[in-house]
Amino acid sequence: MSLFLLNDIVVFIFIEVILLLLLFISEFSVLKVLKYWDFSATTTFQYALEKRNYLVNTIIYFTVSVKIVLFIFFVKSLDELSLLVPGAMCATGVIGANSYGNILLLFKIFMLFLLSIWIIINKLDLESKVFPYIKEKYYLFSFIFVLTCIEFCLELFYFMNIPLSVPVFCCSTVFKLDNLPFELNTSGLLIIYYLLFVVILISSYYKKSIISFFANILFLFTSYYAVTYFFGTYIYELPNHKCPFCMLQKEYFYVGYFIWFSLFLGVFFGISPYIIESITLKKYTYLHKYCILFTTIFVALSTYFVVSYYLKNGVLL
Amino acid sequence: MFFIKRILIIFFIFLVIIIGDLVTYDYVEKEDKIKEISSKMTSISPSFSFASKEYKKFVYDK
Amino acid sequence: MINKNFVDFSILLLLKDKKEYLFSFFIFTFIVFLASSILFISDSIKHDLFIALDKQHQIIVKNTKSGRYTPLSEEHIDSILQISGVDNVKGKVDGYYYFAQDRRYFHIVVDESLDEHSMIISSEIKSILAKFKYTTQFNFLTQDGITSLDIKKVIKSNIISNDVILVNEDIARKILNMDEDEYSYLDVLVPNNSEIDFISLKIVDLYPDIKVKTKNDLKSDYEYVFYYKGGIFMILYIVSMISFFILLKNQISSVFGEKKREIAIFRSIGFAIKDIIFLKFIQNSVVALCSYFLGVFLAYIFVFIFGAPLLKNIFLGHDASHIIFTPIVDVKTLFVMFIFTVIPFLASILLPAWKIAVEDMSEVIK
Amino acid sequence: MRSKILIRNLYKIYNEKKENEFFALKNINLNIKCGEIVIIKGISGSGKSTLLSLIGALSKPSSGDILVNEQNIAKLPDIFSSQYRNEEVGFIFQSFNLVDGLSVYDNVKAPLVLSNINQDELKKKINLALEVANIAHKSQQMVSNLSGGEKQRCAIARALVNSPSLILADEPTANLDKNNSLIFVDILKKFKQLNKTVVVATHDTIFDNLAFVDTYVNIEDGAII
């Protein structure tokens, strides 16, 4: 039995190949532009290059929208795969089934971040009349293209190496409390979590991109641990159920999607101003307000479960 | 807009037919029937789904 | 950001050129229709099978000799009963009777409540017997001559009862030519679910020739069959889809090519390249979405209301005309279909749309 | 008066640096003021259509500057040049360039769909343009059923619908009979009253010696004489 014959995986790989093909076509244009671009020239060739710009834009817009849909599909499929993979109760077991799983998941999130940053730079580029960032944006594109190829290989390796006879670990064994980094305890983690939240709010409000950048990166990791080891237990209402994936399931009203997406969006809007500023060398503070919005949603949502549990039961877990 | 509305109306009619069919179908009865018969018989070999009559014979003869 | 006037106008243009889009619309609808019919059928079969599995025994023991199934004896029952943890072992009689006139097998299943002169048959079998003028009774040809049974009742065909004849145990032994102490399979009752795997290993230890299947084995067997064979369908599908999309791309390129002048006119009155691409994208999304929904709806009606004639036989063989599929609509299936069909459709028009959009506008000035 | 279009050292070369190199325009310098009506005269192939398409940003020059409203449109990226065509320029083409299969109303609507205006405003603008071009009575007809003169009036309505300040007409009377050509001359007068800047490229003698025309430009072999 091969996983490559599963409906979901077949469809997933098929769409990924299509995207890769499209990106390959645009990479061809990108290389041409990088090599011959000369804005001051008035040749037909230069005008043709300018037109190629729109092809790349269209393809990237398409890719990003499809990638977002595919990302949800990917997570959903992993959830379903847990029925097939022995020992797996939820996506945790499937993701942890081999060493590629976690890297792949991180990669996918990172790719969405990069693609979104590309779209923002592209927007700035098109708003100006002289294509000021065209080289930067195309170098970034080439980087994204290489990463997409690596991502695709990782996907193949990952699906090839999911064991279907040997049981994998389930979330109750993977996530144990003593797994917290730096020998933190739960209260320490929570202090850092809320402290970082305040730092992000302040830095975003005063539009300090660099502080927001570092705070958000730290916040991403802190939140991961905080949600998995603390807030998650209140969502499941079980003190020992520590898992970042189970909350994506229907039993918990898909609340995981809201939690994780608000976190990712918040972090994205928090770190992208600094990256964009360092590429375009201009102030870009437009996104900070979204960072505040989504981070607040995330923190409110995660805190809500603890508070509502406390109000209902009068005790904490 | 007119076109979109017309399409939506057509789809809506389809949807009503389908939902009507889904709602009126007696799942409980079918489930009972299946359970009743399956409690009487042996394990049902999975190979027969997707298979033709000849294939079934082959499986059983084996 | 999406401009309503612009969308309206795109659809206006789409309706103007509807002839050019009809081809892709119909082919695409057909593809979606076929694919979703197959997924609907397999989802429905799967649903019924899992219900059937619910009532199955925890451990099923069958005997084999040189790789073929052979009957089990009382001795097997006794020794399995000795294993601690086993609550009860029931011997069961079950098998296939070959009906030579129609060249097919009937599944003989024991029903204790029946007397020695009657049987219960499925509606599928009823219509087969009716072909040979057996309307009230049927004669089984056995080693000891003819055994004649009255048809007491007809039950509805479903996925597992399709070829079933229910008879009394003694009659079943007679028809299947089995001795008094022979059993087709054993049904082992284990009160503690966590012991199932351990006990099945023990049984195999006792008799190396015996095949043991637990309920979980069966479950994963089903999963296996459906995922696996579903995948084969999918791969066949991809081949046909790829050829369709190549066709589509060429067809769209030629349609767009004829519209060169029109595009140049739009460009001259202020449509940017991105607007033209967006215009084409909207038009094709409308075509793709309409075909998608139409295809899915038609597939539903075809499979669950009309019972999927022709297609059904691919899954169930020729003797399945009485089976009615349980209507199961899984949102996940529809989502998979959507990703699988609509996204490649839209991807295949990006390039032609861009090509036509960047055509130079010299055409308009003459 | 403020100059509307300022053209400096404009060249348009086809097949540059190849054997069949061809100079469509050579060193054009032109200054057109706001509200002026300019007739560019020349035989066919003299480059007047090329000049018009450069002013309308339909194609890009090989060298030189075209300043419209003091903004150089020669090297604008596509998004901006399209916006310029949409908002600043109304075209009237020789072959009318209407979209067959659409009604007069929908043809006139086309330039407006890019801007996100509400339905009432859209209708008002279209009806106004149809009135001015005197084609309102045929608004629901398919353009393929119209006569040559009506087609042109439809094209004029489309050119006017976004109230552009600049109207470019390329051989507007070439496909019209004498009567309709005279009607077009009347419409030119109307443009003058509306204070539009109009550039007409033509070889029709009907435009000779008109009192309301501000400038006549003769062009021959791609150069102004």
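Chains here go by letter, A, B, C and D, matching the order in which they are written, and residues are numbered from 1 within each.
Basically, contacts are C-beta pairs under 8 Å (C-beta built on N, C-alpha and C of every residue); 3 or more make two chains touch, one makes a residue touch a chain.
All of these numbers come straight from a predicted model, not from anything done at the bench.
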### Message
When I count C-beta pairs in contact, which pair ends up with more: A-D or C-D?
### Response
C-D
### Summary
Of all chains shown, smallest offset between own Cα centre and global Cα centre goes to A
### Task
Just grab the chain with the largest centre-to-centre distance to subunit A, centres being mean Cα coordinates.
D
### Message
Roughly how far is subunit C from subunit D, centre to centre by C-alpha average, rounded to an integer in Å?
### Response
63
### Task
Could you put a whole-Å number on the gap between the CA centroids of subunit A and subunit B?
39
### Query
Distance-wise, how many Å sit between the C-alpha centres of subunit A and subunit D, to the nearest whole number?
50
#### Entry: Where subunit A touches two or more other chains, by residue
51, 54
### Message
Could you pull out the residues of subunit C that touch at least 2 other chains?
### Response
8, 224, 273-274
### Summary
By the touch definition above, subunit D meets two or more other chains at residues 78-79
### Query
When you draw the chains as points and link the ones that touch, which shape shows up: line, ring, star, complete, or other?
other
#### Entry: Chains touching one another, given as label pairs in label order
A-C, A-D, B-C, C-D
### Message
Using the touch definition from the top, list the residues of subunit D that touch subunit C in their complex.
### Response
49-50, 52-53, 56, 58-59, 78-79, 82-83, 85-87, 91, 93-95, 97-99, 101-102, 106, 109-117, 122, 158, 162, 170
### Touching residues (chain side subunit C, partner subunit D) in the complex
3-6, 8-9, 12-13, 16-17, 261-262, 265-275, 360-362, 364-366
### subunit C residues touching subunit A - in the complex, by the definition given at the top
39, 220, 223-224, 227-228, 230-232, 234-235, 238, 273-274, 277, 332, 335-336, 339-340, 343-344, 346-347, 350-351, 353-354, 357-358
### Query
In the complex formed with subunit D, which residues of subunit A make contact?
39, 42-44, 47, 50-51, 54, 126, 129, 131
### Task
Spell out the residues on subunit C that touch subunit B in their complex, using ranges where they run on.
8, 11, 15, 45, 48-49, 51-57, 60, 67-68, 92, 94, 96, 104-105, 107, 109-111, 155-156, 158-161, 164, 166, 184-185, 213, 218, 221-222, 224-226, 229, 290, 293-294, 297, 300-301, 304-305, 313-319, 326-327, 329
